[in-house]
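Just dropping this structure here.
So that you can tell them apart, the chains are marked A, B, C, D and E in the order they are listed, and the count of residues begins at 1 in each.
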């Protein structure tokens, strides 16, 4: 029983903490990501969502706590190792390689993100990735000529090219109009269809509610809720902290934490 | 004159010793003007070879002057380190080179190791420091003996530019000091571009050093040293050998140079004074007897050599010039002295024993020791020349 | 008075705290061990360095120009001071009681500042401006190469026009050196220190508290943002470059008594200023001042305990060490900008 | 880069507007955006050596393997017969040619770092000098033959590159450049101060490589070095390693999250490029027969950098090609106007400034945008070699 | 008529984005521009604010021709621009950023008043007065950018995608604060992706597509337009 549960667990964090000088941006967050999950990470601005992702993926290693990926403790491993183990991410401010063409940008991840020798034809694989994310431009376009939305697509293709088991997406849909949201939704479904678990940071509740099955909500670096999406979305703590009221957030958050303990 | 002879004039025309290069240039131009750039039926064409005070740059400039410009002979030079390097180039291309100033032992040692090969590096323009620099110490020891100078303890420090010259002069001071019972506090060699000596001088002050002996061919370094020496309030006796290598030293040090010792030949004859006036009128600076004067004599001696060669062989090229140099100059047959118009020294004379140096003697090549006060220099050594006694700083 | 102990403890643990503490300790030790002149020398050298380094910092921080030609504005300042002060000093020699004895050097130094500023403006108009108007792609590298070219150009123009010889003066202000804590220091040095102190202070005040100063900093961080809030950036750019070059010019002018003017004289102050700027972190004026004193201390202590000539090797090695542990410099902020690219 | 673009939008817009008015720049702009990447992806992704294609000649295979185009090959052949074509058969011109080839090779090694991982190694000349000193000291003190000495010098410099690569790991852009600069300065300081070993500014006299007055053997040696270094560097950047270089050069974070280990590639890059510099340093020492710390001076790096940038960064060949005319013009000016010392440097400085303002892409960019794609097929083959069917 | 844009052509380099765009904004009006990605909404705003020189057409503000004026002059005339990229001064504190926003206001007291107004609006900014803008999170920066725009007491405010990357709760706050501005007599021209919300709060709307104005009218009418419904609202 326990064993099967373990197999289902893809990624776990235990008391993950990240401090910048005196500021604790992520405070002892523990969470579990199961196979097939599309987990939404929500929280007010500055809650520490991006920092949390950075800490897991190794770009900005955590101050304390553990990251456990398929039962293996990967805390503090550099991002390149994480990538090879099967963790990919996109960036909130998408930042591909400005002087490379789209296909080359994707090729970096194809070539270096996969175990050597597994990809027989990197070009074809990269092209497939671009098609997969429905990249709207020619594959030869230089990245610096793309707009934000196009860059996000490209970044996604790059992240997928290393055949990840878990994908982190940081505000993939910001700035999209309602119509465009539908496209991105389709792509996300396609990704899950490949057996990839997703953890996505997003502010657009519409999208979150549509694609996620579970939610994690943090505020001031502290987890305030985790669980099935409807449960979390209707959690009064979450509505107060994130979705609704406009009162003094900090006190409220402290109260909430206090209530929890 | 339908034939041309190209001669290379090697000097630091740019870089930290450019001042000296300027004096070289003036000397050469004046000498050439005097003979209308002709020797016999040869037109003499001067090729400036810029050493930039760096041996590596000098070597390749020299090689290029040989290969590209076709110089048949060379003359002058300032630094020992450059001499040591260019000697090889001259030997490689068999270009006779006269009167290069590089003074230090390294030059002599190298020359003596293979006189045949380096016979192309003709008579040096300046003897090894050991032959002249020890005079300071002799002079000062005499002053201690006769009671004019009463240093608290016999503690001396040696400083100098970090070149063959600086180190070799430093070695000469050290030898002389140790031999006469002085204790050496420290030996410091600094880059020729250094101009901040407060830390060093403060250290001397703290240690109570009574005598500072040193040299630099780089005017900014040495003038800064002298100036800061007085600013820091050091009361020791300062030997700043080479302060007078630029004519305008007083403009840069002012009263700080009072009581400083130096050894520079003087413009004693009317011809010499006239020469200095001419240079000033034509080029607008006061030439230094060492850099400008010696180089003026040097180039003139070289012209004399050319004339002799032309006379002897009727042809001017690297072989004939080399032959004359070896046969006439190195043996002491061809000399250059007051009667030829030398403005600085009594006579420039070489012989087989002293080669590659010239004969150092008061009737031939000799530097008196001077002490400065208010921009004037007075000879304090040797006794036969001296106009006043050494005066310690108060 | 309320003292925030926690903040102090935090500061002491930070890179800045540690290095400043170590520096003070080293300075004290060296002073006790070797004499007060160590401290005096450090303060004086540091003051001079601060002047050059703040100009460099400004250029780097505001215009994103990694200035390789900064030493040449130093050289221009000293050249101006030389040609201004030489006739003045001749006049003083003939009329020793003239008011010029005091004022003369001031005139020379002020004019050196002005000439630095003018040279800066000309460089902006002829060199940086055209590049900025054409393209700002790869700006940091391209403009850096421009300054490399500018440096070579100015050095050789000096040589061609004024000759390669050393143009120096005996002193600015006459009189006996002043004795401070057992060390003698010439009046010129003290004045140079006072001048640099005053200018750095005024400059810091200007940058921190005046509207224009803040505008300069704003442009340095986001030019579009600066335009949006109503700043005329062309004026600011011109002002910045003039200011920065004027600082280098005045440093060259006020140090003429010690560093005679010659074509390549700018290299050493350039190296030293870069040491300071990288050590203290880019675009941080107060940091640059503190860094200047640290580098000066390093230099003085090196000469004291290791020997003359090593004052290049030891500081640069130490600075590299510090950079390894604190890549953005001691006082640098963690925010990364264009200069990282 | 993007940041900077945003910083000065008014100016940028102005210039854009200007371009807008001229149809020429419009075209060039278009071809530009197309070109850059195509050649890259062609080079890397679509090797012409696909099995089963019969139309490929041995020449094409050779060219593909060595990274040359037919015109490049012709250039090399020209260089090989150069010493026999008047006026280049004169010793002093040969001397210039050797220097030009030396700078060309240096610029290849320099561009390998600057153009690919985007870090300017400002201490490059110091590394070169370090290799030179190593070989010289071995030759002088142990009587080791320069042939082995040069290799050991290269190895030694490689170790140095490894160290620079390691310590500059956390630094980017101008910081990394400064670090390597200070490293170079410290190295030069050491060479100056360790007088017992290097003779400092006094100059270390080094045995020449060939005991001959003629420059010819040296010339062929340096040309071989140049060509070999070019082929090696080109081979590396064409492989997937080159992709990793560019990735970490353009965006470290994205590169890392794509699985690229920056430590390895950066250090590898520094090591290789410094090794090349070390070998060249050995050549330099054993050719000029004298070394002073001056060879390690920043101004030497600046010279290499100017050539590499005027040649066009990120191309490897641009600097190598431009070095020859550049050095020649400089030397001609210097030697004809020797009474105006420094005039050649003034001209060189103005040239650098003008290029940086008006054509920062350098020669290779000019070549790629204006010369590379003529209509004529044969000419096109001549300039580009065999093109892949894909493009 | 406060702002009048007549047949504006604009673009980047040889690339023309806007084709004959004409707009009008009355004093006190709350106008929005909606349209798909890349339609040219930001380009329109940049052209008005002076950051981008128009290729053709005219822009009048308060009856005065401001076509092609540099951005700083446009700002001095009373137009504030809150850009998509925010363009904050990353190495300055929050407080200093706000002060810079009041660069055109020289009176110290007035500056102080504005500052308090902004702090009231965004208490989070008041909490972080001395934090460097560059170390703030995406959303915090957005607040600061809007706050800074308000500092100059503009007559017309151009706001480009204020909700980009903001949490729903903060999006609310932003819209509320824009409301307050409107009530204070500031005219606002808003660009938003959140079409539903935007159309529900604004008075009038322009629909921009492929650099052309496709539709304009009262927001409620636009929201009910069948084409708009289909394309933007995904209904």
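Definition applied: a contact is a pair of C-beta atoms (placed from the backbone, for glycine too) under 8 Å apart; a residue touches a chain by one contact, two chains touch by 3 or more.
Everything numeric in this text was worked out from a predicted model, so none of it was measured.
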item: Comparison of C-D and B-D by number of C-beta pairs in contact, larger one; value: C-D
item: Remotest chain, chain D as reference, centres from CA atoms; value: E
item: Centroid distance [mean C-alpha coordinates] between chain E and chain B, Å; value: 77
item: Centre distance in Å when chain D and chain E are each reduced to the mean of their C-alpha atoms; value: 48
item: Gap in Å, rounded to a whole number, between the CA centres of chain D and chain A; value: 42
item: Chain centre separation in whole Å, for chain E relative to chain A (CA means); value: 30
item: Junction residues of chain D - those touching two or more other chains; value: 1, 6, 9-10, 14, 192, 341-342
item: Per-residue overlap in chain B, given as positions that touch at least 2 other chains; value: 13-14, 162, 189, 191
item: Residue numbers of chain C (touch at least two other chains); value: 159, 164, 222, 224, 227, 233, 309, 337
item: Residues of chain C touching chain E in the complex; value: 211, 214-215, 217-218, 220-222, 224-233, 283, 333-335, 337
item: List of chain C residues in touch with chain D within their complex; value: 64, 66, 127, 130-142, 144-146, 148-153, 155-157, 159-160, 164, 222-224, 227, 233, 271, 274-275, 278, 309-310, 312-313, 316-317, 319-320, 323-324, 327-328, 336-341
item: Residue ranges of chain E touching chain A (in the complex, touch as defined); value: 34, 36-38, 123-124, 127, 135-140, 142-143, 161, 164-173, 176, 193, 195-196, 231-234
item: Chain D residues touching chain A - in the complex, by the definition given at the top; value: 1-2, 33-34, 36-38, 40-41, 44-46, 240, 243-244, 246-247, 250-251, 253-262
item: For the chain E and chain C complex, residues of the former touching the latter; value: 49-51, 70-73, 75-76, 80-81, 83, 85-92, 96, 99-101, 103-104, 106, 132, 134-135, 148-149, 151-152
